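Each of the next two complexes has subunit A plus one more chain, namely subunit B in the first and subunit C in the second.
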Partner chain A sequence: MKILENLTKINRRYIFLLVALAVIFPLVIPMKLPTIPGKYTIKLYDFIDQIPPQSQPILIAADYSPSMMPELQPMLEAVIRHCFAKGIRIVVLTLDPNGAVLSETALQKIAPEYGAVNGRDYAFLGFKPGSSIVMMSIGENFRQAFPTDFYGTPLDSLPMMNGIRNYADVPLVLSIAGSAITQGWINYAHTRYHANVGAGCTAVSTADYYPFLQAGQLVGLLNGMKGASEYEYLNKKNGYSSAAPVATKGMNAVSIVHLLLMLFIILGNIGYLVTRHNQSKK
Partner chain B sequence: MKRQIPLIIVLTLGIFFFIQFFVPSQVSTNIYQITLQWTIVISAFAIVLAVGSLFNHHMLKIKRRKPHWWNSIVTLAALVVMALLGILGRWRGLEKLGDLYHTLFLYVQAPMDSAMFAILAFYMASAAYRAFRARSQEAALLLISGFIVMLGVIPFGSMIWSRIPDIAEWILMVPNMAAKRGILFGVGLGMTATSLKIILGIERSWLGGGGK
Partner chain C sequence: MTFSNNPWVWVAAILTLCIFSFLYKENPFYRFAEHLFVGISAGYGVAIYWNNAIVPNLYVPVFLQHNLWFIIPGLIGLLFFFRFSSKTGWLILIPLAVLLGTGSGMSLAPTFQTDILKQMQSAIGDATNLQLGGWGLVWGLVTFIGVLTTLSYFFFSREQKGALKISANIGIWFIMIGFGASFGNTVMGRISLLIGRVQFLLTDWIHLIK
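Take a look at the complex of A and B:
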């Protein structure tokens, strides 16, 4: 019984060590855990998949900083791969000052894989401060918030921006964010300007977006590392990408850490219940 | 006058833009577009203020030799170096500086930032082990639902029983959503009430002085 009581007193250093091992092992030793795409990942994937090639571009807002990069960067890369493979044009911008380098890096890495050309297949607008104001400005005209792209080229000089004025000319606004900024896109781009909005968020903030999903204000949702791995799986299944599945590898580590966490909670509760039972006896 | 002029501006513009939303005439749309441009410019000044404030804070720490003041030197040096590389790197002929900015961002700032976030996993594991206890019926209910949701989002959930992900989704979509909606309604009503109080000049704490 003393052993069971001691279950409440495991030194946190051992917990840290086990968590570290639970993260490292699945990343080093490949595991083949199944990926079953969720309903909202499939909805977003299908929505993008049904956009005709070379039609109006989709707008991707990569509003996150490096702290959320492990979850959100694979998501952005998977979506870009899907679009380039299908010939869907994209406009990428960011409302987070740290997001510019991250999204530009993703574009520069993936564009050569598909032979995508800046200005023809994609446009990178960079960062602009004043999030909600920028969202409202785009509702009037892209050029109001972004007269030029990130490299200083006027938007009117980019062939793919011909005839693209505001939200009415983009079939989807996809907000990939690690903060509540997605709610801004819902409030302004969807509610005020009636744009279709999709989202990708960190796992901890997923629950915040369920009300918007149920109300039809979001066309789909990518839920953290899980959503990114599901998108990678769908890309691979449809032959759109042969890139290494970064999120799928990460999801293996997340799964093992979840199991470890549950094990610790069970142990802690066994110890707590035994201690309480013993105390009530006394 | 120092307080009355801002109050008049807020009252006038607050009422104007409220009406403008419902009157989509060419004149009102033009005014709206010009105001949006102005607001973007004003937003950019927030960055200038932030940099100024950061600079002052750390300069003061260095001058007064406060504990760990040398960290402030590193912060200011990083601020100046990154800003210079970022600005100069966009000029023709100085692209190498831009590449250096990219390298420093991706291989110094990004790993440090990600590591800070990753440390959370360790603390969460330790905190969940210590605090997630079935002390009461409500706590036990929370524990069980937390367990199901955790299992439901990983592949092991469906490997144990194919319905676990569905149950996890039900928990998120029904009880969680009921609570969430209540909170969102409260936040929405609170925002509306505060906006009205600011427009009508009842709430004045934004003028400084803690609402006195």
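Take a look at the complex of A and C:
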């Protein structure tokens, strides 16, 4: 019984050490745990997949900063790979000051893999402050919010932007964000301008977006690293990508750590109950 | 195991370890990394906003295109700096009023539609749509009951007794399930961030994994 009571007094540093080992071990020795795509990942994937090649581009808003990178960057990369492999054109912008570097890095890394060309297969508009005003400006005309792309080229000079005026000309607005900015895209792009909106968010904020899925305000949702790994799996399954699945490797570690944490929670509760029982006896 | 030749990877790796050192206990290495991060973030933010907000929206229209109307919002924005004065600090209320007024005006209607009307339609629609059939209808009803009982828990204008107490108690269960789902996702999110850093250390820094 003394052992069970001591469970509540374990030095937290031992727990940190065990968590670190539970993270490192599956990363160094891959475990190949199965990936089962969720309903909302499949819905978003299928929505993008049915867009005809070389048709109107989808708009991707990469509204996140480096602190959310492990969850959202693999998501962005997986979606870009899917689009380039299918010949779907993309317009990428960001409403987070730190998002420009991250999304440009992803585009510059992936575009050469698929022979995608800036201005023909994708446009990178960069960062613009004033999120809700930008969202509404795009509803009128992309050129109001972004007269030029990130590199200073006027939008009218980009071949892929011919005939692309506002939300009516993009089949999907995909918000990949680590903050409540996705709600802004739903408010303005979907509710006001009736655009189809999809989302990719950090696991922490996933629960906030389920009501929008249920109400049909989002076409699909990618849930943190899990959502990214599911998208990577679908890309690989359909032969769209042969890149190393970063999020999938991470999910092995997530699974092991979850098991460890569940064990800690159970042991901690047993320890607590035993302590309380002993105290009530005294 | 080979270490990276890139000095920036080394800088990032050492700073990562400095931050992790907090897990052992508070120490000067952690403090240094924390202050460096806050300072760099602020500096980066200033540069980004200068180039992406001030230059295209104030400097270019006023000084290059001689469109003098843009001076007015520029001056209203400058009133924020009166925050530093105790005598004229009240002037900050002007840009704040403009900011809050515009923000509320723009978001009121779409937020009402998105968060209230559409959600109500969905909650009622799923619970009453017989065409959904089977589990679709069951989950629609569960959602509907969940919404009503949860709302009843937050109904503080009457003492919770009788039917209201039963409803509020059911609502607590829905709230707890919601909190549980949020907590589970939060754990996954935090662990994902740790994994991201460990992947960086093992892949980019010491090349232990490919």
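Everything that follows uses one rule, which is that the second predicted complex is superposed on the first by the 282 of 282 C-alpha atoms of A that agree within 3 Å, B and C clash if a C-alpha of one lies under 4 Å from a C-alpha of the other, contacts with A are read in each partner's own complex, and residues count from 1 in each chain.
The rule is simple: a residue touches a chain if its C-beta (ideal position, glycine included) is under 8 Å from a C-beta of that chain, and two chains touch if they have at least 3 such contacts.
Just so it is clear, the structure is predicted and the values come from calculations on it, not from any experiment.
Student: Does subunit B (first) or subunit C (second) touch A:G250, or do both, or does neither?
Tutor: second
Student: Contact-wise, after the overlay, does A:I265 reach subunit B, subunit C, both or neither (first, second, both, neither)?
Tutor: So A:I265 only meets subunit B here.
Student: Of the two partner chains, subunit B (first) and subunit C (second), which one does A:V28 touch, if any: first, second, both, or neither?
Tutor: second
Student: Scan A:M136 for contacts with subunit B and subunit C and give back first, second, both or neither.
Tutor: Both partners, subunit B and subunit C.
Student: In the overlay, answer first, second, both or neither for which of subunit B and subunit C A:N187 touches.
Tutor: A:N187: touches subunit C, not subunit B.
Student: With the two complexes superposed on chain A, say which partner A:G216 touches: subunit B (first), subunit C (second), both, or neither.
Tutor: second
Student: First (subunit B), second (subunit C), both or neither: which does A:A207 touch?
Tutor: The answer is both, since A:A207 touches subunit B and subunit C.
Student: In the superposed arrangement, does A:K86 touch subunit B (first), subunit C (second), both or neither?
Tutor: neither
Student: Does the superposition put A:P70 against subunit B (first), subunit C (second), both, or neither?
Tutor: both
Student: Could you pull out which residues of subunit A sit against subunit B in one structure and against subunit C in the other?
Tutor: 16, 19-20, 23, 67-70, 97-98, 128-130, 133, 136, 203, 206-207, 211, 214, 223, 226, 254, 257-258, 261
Student: Quick one: which bits of subunit B touch subunit A in the complex? Just the residue numbers, please.
Tutor: Residues in contact with subunit A: 29, 32-33, 36-37, 39-40, 42-44, 46-47, 90, 102, 105-106, 109-114, 116-118, 121-122, 124-126, 128-130, 132-135, 143, 147, 150-151, 153-156, 158-159, 165, 169, 172-173, 176-177, 180-181, 184.
Student: Under the definition above, what is the set of subunit A residues touching subunit C in their complex?
Tutor: By the definition above, subunit A touches subunit C via 13, 16, 19-20, 23-24, 27-28, 67-71, 97-98, 126-130, 132-133, 136, 183, 186-188, 190-192, 202-204, 206-207, 211-212, 214-217, 223-226, 244, 246, 249-250, 253-254, 257-258, 261.
Student: Hey, which residues of subunit A end up touching subunit B in the complex?
Tutor: 10, 12, 15-16, 19-20, 23, 33-36, 38-39, 65-70, 97-98, 101-102, 105, 128-130, 133-134, 136-137, 140-141, 144-145, 152, 203, 206-208, 210-211, 214, 223, 226, 251, 254-255, 257-262, 264-265, 267-269, 272-273
Student: Which residues, counting only subunit C, touch subunit A once they are in their complex?
Tutor: Residue list for subunit C touching subunit A: 23-24, 44-45, 48-49, 52-53, 103, 106-107, 109-111, 113-114, 118-119, 121-122, 126, 143, 178, 181-182, 185-199, 202, 208-210.
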